[in-house]
Amino acid sequence: MQSTRYEIGLEQLAKIDGEAGEKVIESLQDICPDLAQYTIEYPFGDIYARPGLDLQSREIATVAALTALGHCQPQLKVHLNAALNVGCSETQIKEVILQMSVYAGFPAALNGMFAFQDVLQERSEIG
Amino acid sequence: MQSTRYEIGLEQLAKIDGEAGEKVIESLQDICPDLAQYTIEYPFGDIYARPGLDLQSREIATVAALTALGHCQPQLKVHLNAALNVGCSETQIKEVILQMSVYAGFPAALNGMFAFQDVLQERSEIG
Amino acid sequence: MQSTRYEIGLEQLAKIDGEAGEKVIESLQDICPDLAQYTIEYPFGDIYARPGLDLQSREIATVAALTALGHCQPQLKVHLNAALNVGCSETQIKEVILQMSVYAGFPAALNGMFAFQDVLQERSEIG
Amino acid sequence: MQSTRYEIGLEQLAKIDGEAGEKVIESLQDICPDLAQYTIEYPFGDIYARPGLDLQSREIATVAALTALGHCQPQLKVHLNAALNVGCSETQIKEVILQMSVYAGFPAALNGMFAFQDVLQERSEIG
Amino acid sequence: MQSTRYEIGLEQLAKIDGEAGEKVIESLQDICPDLAQYTIEYPFGDIYARPGLDLQSREIATVAALTALGHCQPQLKVHLNAALNVGCSETQIKEVILQMSVYAGFPAALNGMFAFQDVLQERSEIG
Amino acid sequence: MQSTRYEIGLEQLAKIDGEAGEKVIESLQDICPDLAQYTIEYPFGDIYARPGLDLQSREIATVAALTALGHCQPQLKVHLNAALNVGCSETQIKEVILQMSVYAGFPAALNGMFAFQDVLQERSEIG
């Protein structure tokens, strides 16, 4: 039985990540549907749905963290798309990535920027 | 000879970090004044001074990254202060820290929140 | 309104972490009670309460991860206590920490072992 | 001259990692055979051969740590295979990975789960 | 307008990284030329150009750090090339990577060694 | 029975870390003497004793890695002492730490520099 948190999470996920989010969820159906459910419920149903911080700021925080951590490139790409989806400008996103050179070093910033280049190219090919 | 980048950086640092920033710079004078100079020039003179992202969003990005990385508690505290200084609300900052539970785990979020509690207490004692 | 997940989580937390867990939750009441609630609901209400892996194995996994990550010493101590609480032997816990020298290097293993020494001493003083 | 530690390590490696372990060792023969020797001697000859923790628990600890660290996907795959080889069930391994969402965030858990999906598929194709 | 730091940086970059460095800079021209400029100015114009540490020791430090961090494989490869370019021997570089097994664990050292194997093979194919 | 590796390791440890190394080993005697033995045998008996890289370069590599990783401050201090013990100059060590701002960000470099300041002060008080 699916909770209301699940429904709220699905709605948030659709708004933020569009098809990219759906694909992640689908890709978990065979191996571990419970992880898909938790991913919808906790990050999207509980956290992103909270008032107190707009979605653009939430995506700025997520892009910053994933660029700095450096070992989650697939999730970084999902959230670079998400940042654009919720209305962050290309310039704002580049500034966040650039700023990570200060806190996590130049390699992390470079790899974040190359990921963003991939994302922009994929979107222009689809679009 | 100090560059214009240095002067711009000092100005940004004063605006953002107030006394906390000055203390970091002073504390480097004996051991490595060049690191103080670079810290003023590159992060503050080059990066924070750029247009394209407002200071509140820059601090949201920095608080997110330092909470997620987890091993830079003194710098996280400086930037929790900085976030308040440039106009982020307590609620916004708490939301950023809370959100890091999704990307870096609950321990990182908990330690970030405890750092924020310390910062708020220090400010109320001074204030 | 608190969910059933919250009640299950509280029960798990009491079983696993005893007073240490309660103290963490209490310490969040002023700064961010919602993080306390999420910490009870998701890690303890959702994850630790799942069948499929016994609590001793869960604590072995957590001690391993927190020792390897190296930047969450307070949470590592909570779970070193928890591992003892759910029936892991001192020897088993030492072996897990020792093994982390292979995957995260000797400094992480050394700091994990010193944390365990602190935990054992605190328990002997209380006990 | 090879030590007894080397012989014990080779035996442990065969028991735990099967062919995957042998391939890692072979792949080092040209570039740095000494690293192959140390990998056999210290992790397998010294650590995994110790009494005090059964091999299933050792693999649970290793899978947890490598999932949490997030930057060692090839070694994670070797140990997901190893965990199955020494008798951990698919369910137990999934639970360990799932639990890492709590300590290292959802991206680390997602990438660990996708690695496990690859491992299961490779084994079914060979098997 | 480009600073003298930029010119010094370009010179250092050519000396250290040869074509590999140029390619990184070129690859940023479309997405974020400012990051290319900062990468030339701060790391190469400010830091590598400093007296007080010879270039061989600088590359030993960089190879050590990038091997230990484990999530910057493209930059590690650039600096494995750079280390050879400035006169470090293959043996010295292998020793640095090997030593990282102590501080960051065996997986980080293994992945560093495999990166070095790729670099040596690429150089022998070109050379 | 202690191996020759143990004896070589003890000798290396005395040469490199002096009393600081001995204290680490002593501090493990109660909680886990086997970890003390492994720490002497593998890092010092196997790795530091190898030809192919001089001790000054080895300490440069270690200081770089521990500064970059950022979560091993006690071990970083031991090796800042060690670097001085084997003949690295204060300037060389500062350059290594400074350079880490490029690869691991400014907070890691700042915390490394403050650790070095502590080490220099402790040595001047003893000396």
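Letters A, B, C, D, E and F name the chains as they come in the text, with residue numbers starting at 1 for each one.
Heads up, the rule we're going with is that contacts are C-beta pairs under 8 Å (C-beta built on N, C-alpha and C of every residue); 3 or more make two chains touch, one makes a residue touch a chain.
Predicted model, so just to flag it, every value in this text is computed and none were measured.
Q: Trace the shortest sequence of touching chains from chain A to chain F and report its length in steps.
A: Step count on the best path from chain A to chain F: 1.
Q: Which chains contact both chain B and chain C?
A: The shared contacts of chain B and chain C, listed by label, come to A, D, E, F.
Q: Computing the C-alpha centre of each chain, which chain sits at the greatest distance from chain C?
A: E
Q: What's the farthest chain from chain B if centres are computed as the mean of the Cα atoms?
A: Between chain B and every other chain, the largest centroid distance is to D.
Q: Pick out whichever of the two, D-F or B-D, is joined by more C-beta pairs in contact.
A: Of B-D and D-F, it is B-D that has more C-beta pairs in contact.
Q: Rounded to the nearest whole Å, what is the centre-to-centre distance of chain A and chain D, using the mean of the C-alpha atoms as each centre?
A: 30
Q: Could you grab the centroid distance between chain C and chain E? Build each centroid from C-alpha atoms only and quote it in angstrom.
A: So the centroids are 39 Å from each other.
Q: Give me the residue numbers in chain D that touch at least two other chains, ranges are fine.
A: 38, 42-43, 66, 68-72, 75, 94, 98, 101-108 - these are the residues of chain D that touch more than one other chain.
Q: Touching chain C in the complex: which residues of chain E?
A: Residues in contact with chain C: 68, 101-108.
Q: Give the list of chain B residues in touch with chain E in this complex.
A: Going through chain B, the ones touching chain E are 38, 42, 46.
Q: Mind listing the chain B positions that touch chain C in their complex?
A: 69-71, 94, 97-98, 101, 105-111, 113-114, 116-117, 120
Q: State the interface residues of chain D toward chain E in the complex, per the touch definition above.
A: On the chain D side, the touching residues are 24, 27-28, 30-32, 34-35, 38-39, 42-43, 66, 69-72, 74-75.
Q: For a test of understanding, state which residues of chain D touch chain C in their complex under the given definition.
A: Touching chain C from chain D are residues 42-43, 47-48, 50, 52-53, 57-58, 60-69, 72, 75, 91-92, 94-96, 98-104.
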